[in-house]
Amino acid sequence: MAASDHISEPVQMEAHASRKRRTTDISDTLQNGSGQVISEADALIHSPDPLHPANHICELCKNFYTFGWVTGTGGGVSIRDDKHIFIAPSGVQKELMRPTDMFVMEYETKKYLRRPAVLKPSACTPLFLAAFTKRDAGCCIHTHSQWAVLVTLICEAGLQDHPDGSGKDVFAISEIEQIKGISRGGHGNSSTEILEGGRKAGNLGYYDTLKIPIIENTAREEDLTDTLEKAIEEWPEATAVLVRRHGVYVWGKDVAQAKTQCESLDYLFQLAVEMHKMGLNWVK
Amino acid sequence: MAASDHISEPVQMEAHASRKRRTTDISDTLQNGSGQVISEADALIHSPDPLHPANHICELCKNFYTFGWVTGTGGGVSIRDDKHIFIAPSGVQKELMRPTDMFVMEYETKKYLRRPAVLKPSACTPLFLAAFTKRDAGCCIHTHSQWAVLVTLICEAGLQDHPDGSGKDVFAISEIEQIKGISRGGHGNSSTEILEGGRKAGNLGYYDTLKIPIIENTAREEDLTDTLEKAIEEWPEATAVLVRRHGVYVWGKDVAQAKTQCESLDYLFQLAVEMHKMGLNWVK
Amino acid sequence: MAASDHISEPVQMEAHASRKRRTTDISDTLQNGSGQVISEADALIHSPDPLHPANHICELCKNFYTFGWVTGTGGGVSIRDDKHIFIAPSGVQKELMRPTDMFVMEYETKKYLRRPAVLKPSACTPLFLAAFTKRDAGCCIHTHSQWAVLVTLICEAGLQDHPDGSGKDVFAISEIEQIKGISRGGHGNSSTEILEGGRKAGNLGYYDTLKIPIIENTAREEDLTDTLEKAIEEWPEATAVLVRRHGVYVWGKDVAQAKTQCESLDYLFQLAVEMHKMGLNWVK
Amino acid sequence: MAASDHISEPVQMEAHASRKRRTTDISDTLQNGSGQVISEADALIHSPDPLHPANHICELCKNFYTFGWVTGTGGGVSIRDDKHIFIAPSGVQKELMRPTDMFVMEYETKKYLRRPAVLKPSACTPLFLAAFTKRDAGCCIHTHSQWAVLVTLICEAGLQDHPDGSGKDVFAISEIEQIKGISRGGHGNSSTEILEGGRKAGNLGYYDTLKIPIIENTAREEDLTDTLEKAIEEWPEATAVLVRRHGVYVWGKDVAQAKTQCESLDYLFQLAVEMHKMGLNWVK
């Protein structure tokens, strides 16, 4: 998600005050438990369950803000359940989001079932979709972490080039325990393979070299779609793609896997920057 | 705001205990909802709405304290609504402020409508006013962020000089995604242009070079006014001015824009310091 | 604990929603205060006391997460009381754990009395046991702190070699006040000696050189057991063992000693990295 | 306070569970508001006022812990009111302290009026007393901040020597706005001068060079007393003394001044370390 768009006042107002929001695509109305009439579109994001995607995204973003992953409206999260994709809107303060700010897309048709009236859908949407469709992911996280940006800069400058390791277009690191926190990622649409990736058997080992492809940034976030999809295809084991001078996209079969892999990768990016400062090679 | 003045005991006492404070400029009294008589001046800062400027400034400062932006009574925030300017007092612990500590100035007349008796108005006031009057800003944030100070030191030492980029009196960086979080800033008093600046169309693009002017610090904060105003005029696209060895002033059409731009700039200053440590140029 | 295994959905679900969990080894049932029937195994982890090991481990991990010690399911904690050992499961998000996630082992027989059905016991278990049996420890903490990893890398590269100090297989630092926060550790199974270690008389002095052995990492965490046990025997004064490119194991006679020693060591590792960046020797 | 002594179990137990603690020096008993009989000694530390020194010290330490100032039982705080000095005990986890853990000394006689039975008085006590008696301070803070330690190491190595600035035994920095957050400190026992130090007129100006003396560390904290007292006398403008390879003592006329000065100094120490890494001089 571009760190760019305007934060509409009404959103922020509502983040503190009101609970009402107009939505489009309201094709019908329902009654909720307390007898209140809500639209079908709104029913998609109203739930008392803190793990409902609309609630979960808000909670995750609050935490990611403290890590510097979604600073200044940057970054974003998307969760896919059986039939729907939930996506945070573009350009809002991620730490202040509310479930009513959420966009909901029907996965099969890629049609929006819910669009908050005053907000814009995320520019990351096609990139999140790439992870969902090409890897059967259940969650995709995009951060602007400075550690991610810095490793792409170090690679760009050729400061860690290694025949079996990093190059201009790939970040590589080996023999660090935290690498074992990263799944091999699966390499197709098969959900069993993705599930497999979340188990010990499916994760990288200590002596494996973790490799994450780096794609070049573009002026418009949407324009990253082709190269991101190409990277996903060319790197069947990767569970993430770095975007030069921008950040990283990390996915997993569910929120827990996407989040813990994002944490492990961020840990490795930070460690790599510190290693580089001390003249140490990333690949042993 | 200078990190300098004495923190009056009564303020801190009240921050925990009492809710009463004497104010000056009480020309009349009103009754609030619960039948309590309060002065007209106090009515300006009493509101149950967390987004009322007097409440909002306190909340923002609590968060900014955790970022190291308002350490040791340094830094400050001012919000302008239709007719008034709300300003945190000088030299108080910003993370402990209460709405009753707030100064309120009438925008048209620049006359204080509310002055907490034992406090001093902020030395930043003329600088906040420059952003309000010359850019029609709705909020101005001043931080002592170490990243801001460090980039001014790197520029001063000529360590990142570049024909199209940084120099002694300007910080410049290019081709980093977070740049897209910064508005072009508008260049006059027209509120439509400022509004424009908050939308995607009005923000910098990835291939634009972000440039922030740097002015020299002075012994007294008030004496920065002339050079700050001059920088605002000479840099019509800037939404911020760096003060050498001191910090940064960042504004926006409203709190959300000022805050997210301040976050994006701080991110870029920190990234620039890390890039510099690794021998990388800020401008590609 | 390896940063590797899959986080079972039910665990995370329960972390927010339900309080029920199936356990194995249920040989009998009891009634709790409110008349509810719970198994003997579950009775081991149900307590209103926040200092009960099952509650305490959850609270500690929540805090350790904010220090970067248990990022991405890495790291872990184990507490031993009179008869039992409480251990966090493998591969779960440490900051979200609940008492019902806990494994409980009988200390004398090393037999599990409680095994949450869908979880796996921690790969660190034999390493925690080494600290309990060889040092009579009451608590053992394992972190993936980047500072710990970085000092092992600096030692590996021979960048701080010193005749009386650091070498490839030992981290050493001297004349830093925080060294006084580290116990001499005791050197046998005698609990009196361990108790002794927690008192001022038993801690290192300012002019003592703190030395922590470094062992090589292995592909499987369990395989560290032999070398960790050997290091514990060969370094009778050590209260911690560093694992190269992995992290650190720190123990103490109780939670307070293990935690404060872990904090003091982490402080010293971080300081050592910063000293190294400035070309300063760790040993005076 | 040395980061050294054992944390007695009962203290930590009470931090969560009970509210009772045996105290010595109980010469009489009183009844509190709810008819409960408490000792005269305990009456000194029981208050519903969050700004009562016994409560305030606990709150401050909780915050200082998050800054890394009191890691691993290190550091400490003491507050002096009209007749008493309140001091945190030795070797406890500072972030978990409770008012009942507090030692209370009569200022005039330097006799303990309250000594928690199982705890030891802080080894920093004579150092806190130096600030109270020689500068009429109302609060003294001792941190183990790594930034403080690092600047003493840089000075020791002669890496920032400057004819008008830093040397082996003095840290000096100039022309940084945050310097204005530091009082000139007063130079005697006169309380008017100390009060003066808290006001703008009494603070350093932007063009003043801030100088903080550095004393050598000793094996026992108590043995710092002579050199600390000597430094206080020889540096009448200093509001702090750095202890080589150990940390810093900062005082002020009240908690607000001591705390904000401690923050401003820590900011300057951190900035100085970063400046040093980039080859920049501390004194312009």
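Think of it as A, B, C and D in the order they're written, each chain with its own count starting at 1.
Here is the rule we go by: a contact is a pair of C-beta atoms (placed from the backbone, for glycine too) under 8 Å apart; a residue touches a chain by one contact, two chains touch by 3 or more.
None of the values given here were measured: they were computed from a predicted structure.
Common neighbours of chain C and chain D under the contact definition above are absent. On superposing C-alpha atoms, the copy chain A sits rotated by 90° relative to chain C, to the nearest 5.
Although chain B and chain D share one sequence, what matters here is the overlap of their interface residues, and that overlap falls short of half of the numbers used. The distance from the centre of chain B to the centre of chain D, with each centre set as the mean of the Cα atoms, comes to 32 Å. Chain B and chain C, compared by their mean Cα positions, are separated by 45 Å.
In chain A, the positions touching at least two other chains are 277.
Shown here, the protein chains touch around one cycle, each chain meeting exactly two partners. Touching pairs of chains, sorted by label, consist of A-B, A-C, B-D, C-D. If you check the complex, the residues on chain C that touch chain D are 49-51, 175-178, 180-181, 198-200, 202-203, 205-207, 254-257, 259-261, 263-264, 266-267, 270-271, 274-275, 277-278, 280.
Residues 2-7, 9, 12-13, 16-17, 68, 71-74, 91, 93, 144, 146, 149-150, 153-154, 157, 159, 217-219, 243, 245-247, 273, 276-277 of chain B are the ones that touch chain D when the two sit in their complex.
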